[in-house]
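Some structures are shown below for you to check.
Consider the two complexes below, in which chain A is the common component and chain B and chain C are the respective partners.
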Partner chain A sequence: MIKSKTKILQLTVTLTACAFLFVPIILSVLAGVTANYFQGISSGFTLKWVFRVWELYADSIFLSMRLAISCLIMTLIIGLPAAYGLARNPGWLSRLLEEFISLPLAVPGLALALALLQLYGSMKGFRASWTFILVGHVLYTMPFMVRSILAVLASIDLKTLEEGAATLGASPWQRFRDIVVPNAMPGILAGALTVVTLSIGEFNLTWMLHTPYLKTLPVGLADSYASMRLEVASAYTLVFFVLIVPLLMAMQWASARAQRISQ
Partner chain B sequence: MPLLIFSIAFLALPLVRLFLASGESEAGWAIYLDILRKPRYLNTLILTVLVSLATTFAALAVSTTAGMFLSRNRFKGRGILLSIMTLPLAFPGVVIGFLIILLGGRQGLINQITPGHVVFAYSVIGLFLGYLYFSIPRVLLTVMAAAEKLDPVLEEAARTLGASPFRVVIDVILPGLMPSLVAAGAIAFATAMGAFGTAFTLATNIDVIPMVIYTEFTLSANIAMAAALSIVLGIVTWALLLIARSLSGTTVAAGG
Partner chain C sequence: MTFRLTNTAKTYPDGTRALLSTKLTVKNGEIVSLLGPSGCGKTTLLRIIAGLETPDLGSDIWFDEDNVTSLPVERRNVGMVFQSYALFPNMSVRANIGYGLKMQKLSKPEIEARVSEVLEMCQLQKFSARAVNALSGGQRQRVALARAIAPRPRLLLLDEPLSALDASLRESLRDELAVLLRKFNITAIFVTHDQDEAMAIADRVAVMSNGRIVQSGTPEELYRHPNSAFVAGFVGNAMRLDGKCTGSILTLEGGGLKLPGEGSGHNVFVRAEDVRIDDNGSLCGQVETITFLGTHYRIGIKGITPNLLTSIFVGQSAPKFGQSVKVAIKPEALILLPAGEI
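This part shows the complex of A and B:
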């Protein structure tokens, strides 16, 4: 009897927490497709707010996608060889470097953005271009890519595999391409999905680094929350959910898979 | 290595510059003392710490209860509950702020279904709820990972020896989870301290550290103070997450 009482209490807490997290999401989706939210759902459903969002903010959606893809390419180009190098040379120096590039995980984006602005804010061409935001995104997502690949590489016997290939006459590039990359693939996939998901949702750095002509999706969201009617803001949030939720699910699937492999 | 060049150019040098900038006002390096001496900054600091502490304990209580329940029971709908509770992981702080407005704003659900005028989104309560929304999924995942590793045999043994469910929780489950709880708590506290997006949407009239940094920088052009507060905030969140990681081995993005 007592046991079932504790169970009921646990269930109540769990369900309340779920409701707290989920009800506002439903409200936001509903408000985004309701003709007049103030009058309620009885005013009818419409997609006009979604179209309105498309008219107003399509640019921000495209910019976010461009940033996410560029960010992915940059983190791959820089992160993959780096993770390989770190896995090949374990030691305190590698640990230190890994720790250092992980700083953007722990230091709030606002502080990082201020630091970037202090140093590069006066370089007008760079400051006003979208690559300035890209630098922020790469900085923030890089540790996820490097760690994700590193975790997978650390679990396999890279040295033996590479020595084997080298004995058979494979060049360093061939070994990297045919042994390291295929083995690291689960980590690369998980890292890539994490990078894209985080880049599309990044606000803290981006808000400080953006210019009025360069609004990303989350910056546009903040803008719509402050200045648009509730229905438009909700419809825009709905568009964001449609983009981010499948990405999040894919990311969770890929991360769980990479973790299984590296254990 | 390109990584080294990239992180020196865009991480190390900017952070050094930020630190130097904090000492460039008339106050010099005493600006760090000003944070504690001037009531405006001290009150901000105290309020931020209090809200973050409240968030931490609330998130720990809710997520530990739910996490233990979800990892110990298999039932229909468990997967859905788990998905709902981890869904907000990818939401930026601004979106969470908006969701709180939908709950507690002027056109919010609570104001509509309750008699009278109940608007809490823009108060400290709204901010607390926003931070809580942000922290629940993160704490939940940490707790569940630890709960999977707990040995149910120990609880069984305690029960056989006549321990009440309450004693089992206090004497067996909580000590087993403790390292993860401290880690999850540190993560929740650090994220709440540094949360900018949520504060940006909700705390237009509340002084929490990230908002003060933002207004010092943009409105008052008090760059030295903005830099000094950023440095202090960065060191605090970094140190907390370092503790968290050494205890549980997990990494969760601060974000916010």
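This part shows the complex of A and C:
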């Protein structure tokens, strides 16, 4: 009897918490597919607001995709060799560098954006191009990529593995390609998904760096909240969810996997 | 391949001299073991031979008529078995063994054929598709060996290949390794701190201490004619008989002993198997420790030398603790080494 009482209590608390978290989401999603939100659900369901979002903000969606993929490529090109270098040369200098790379984690996005604007704001072409936002995103996501790869590399005896490959005739480049990259793969995957998810969802820094012609998905969201009818803004949220939730889930899975391997 | 190394030394940037100027020659097909306690420089020497460590200026390493001193490791064509095996976790057993062949740019069918041949030689056919993480310690060791010899290296190097295995497995794999190395008919150098391992596998053993080779010879030579107290002690655990030599008589706490020759200026050593408990013995002591080891007893006797004198006793009725015993040592079993050398 006592057992079932505590069970009921547990269930109630859990359900209440779930409701607290999910009801706003459900309401928002419902608003996005309701014909007229002020009349309520009785006005019927429609996808017209979703199409309207597509009409108005398709550019934002494509810009965010382009930014996320470019950001991923940049963080891979810079982050993988950086993590490899740090893993191969442990020491105080490497630790210092690692902290330095991680600095954007601690500095607010706004401050980062302000610094970029101060430095490059006067370069007109660059300031107005999407690559300016890309620089901000790369800065902001780099620590996630480096740390995620570094954690996996630190857990394997990289030096001996590479020496083994070297005695078998592998050149430094072949060792990197055949031994380092495949063994770092779980970390690369986890880092890549984190970078893409963060880049798509980043608002702070992007809002500071964007121009009226360059609105990313979250900036567009803010814009739609401020200037569109509620149904459109809600439909926007729905689109955003559809894009980000699968990524988020994939990221969770990849991070858990990388962590398991590095233990 | 004949391997030759002269004047080779290694000094670390902090001034530590890991290896003093060393000379080593290994004949074609010979299996040489570098034996020594940890920190004696044996692994450093092996890594210099492999090309994983840069020796000091003036060092010279020759593979037959090629001077490889400045050749990077990947172009020396050596095979190496690492202490931790260093198998690639991202590859199957087959891919691990084929990696060196791939680096030599052999054709696919050629690689397949050679890998199959090596797999069979090392009795690994059953495991060829497995991931290396799914292998036992002994199987990993064989994969590491197979991977090292598959590209037909000029020289095979083994760094403590058995030390990662547990004791019961080590002995059987030791004999297996000795057989395999002979089967490959390859010039090999292998590092170990275990004298039994060195003796069981190698044609010739080079004993190392404090960064230099102290003595090199066949296992029998080292065992019977050590040139220093260190070799006598490290190979076969010879005990020093601490006493006073007058002519060819050695006087110990427990009595006098006849030496094979002039004893003054010499230190005298003996091995436990040559210390016999015998009623007609000239030495007298008391049993202090008795250890039963299955095939024999190890008996520690006090009162003859300042330390316990160990005797191997084969037989049913071992002496009891505290019992007074007579001990005999044949003069020819004694090892005389000039005093003053350490």
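Simple rule for what comes next: the second predicted complex is superposed on the first by the 247 of 263 C-alpha atoms of A that agree within 3 Å, B and C clash if a C-alpha of one lies under 4 Å from a C-alpha of the other, contacts with A are read in each partner's own complex, and residues count from 1 in each chain.
One rule holds in what follows: a residue touches a chain if its C-beta (ideal position, glycine included) is under 8 Å from a C-beta of that chain, and two chains touch if they have at least 3 such contacts.
Since this is a predicted model, take the numbers as computed values, not measurements.
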| Per-residue contact with chain A, leading partner among chain C and chain B | B
| Now for A:170: first (chain B), second (chain C), both, or neither, which partner does it touch? | second
| Of the two partner chains, chain B (first) and chain C (second), which one does A:101 touch, if any: first, second, both, or neither? | first
| said: If we overlay the two complexes on their shared chain A, which of chain B and chain C does A:218 touch? Say first, second, both or neither. | reply: first
| query | In the superposed arrangement, does A:160 touch chain B (first), chain C (second), both or neither? | reply | second
| Looking at the overlay, what does A:230 touch: chain B (first), chain C (second), both, or neither? | first
| query | Common interface residues of chain A with chain B and chain C? | reply | none
| said: Quick check: in the complex, which residue numbers of chain B touch chain A? | reply: 1-4, 6-7, 10-15, 17-18, 21, 62-63, 65-66, 68-70, 73, 81, 84-95, 97-103, 107, 109, 129, 132-133, 136-137, 164-165, 190, 193-197, 200-201, 210, 213-214, 217, 223, 226-227, 230-231, 233-234, 237-238, 241-242, 251, 253-256
| remark: Listed in rising order, the residues of chain C that touch chain A in the complex are 50-52, 72-80, 82, 84, 86-90, 99-100, 103-104, 147-148, 151, 157
| query | In the complex formed with chain B, which residues of chain A make contact? | reply | 2-3, 6-7, 9-11, 13-18, 20-25, 27-28, 31, 37-38, 77-79, 81-82, 85, 97, 100-112, 114-116, 118-120, 135, 138-140, 142-144, 146-147, 197-198, 201-204, 207, 218, 221-222, 225, 230, 233-234, 237, 240, 244-245, 247-248, 251-252
| query | Any idea which chain A residues touch chain C in the complex? | reply | 156-157, 160-161, 163-171, 174, 178-179, 182-183, 185
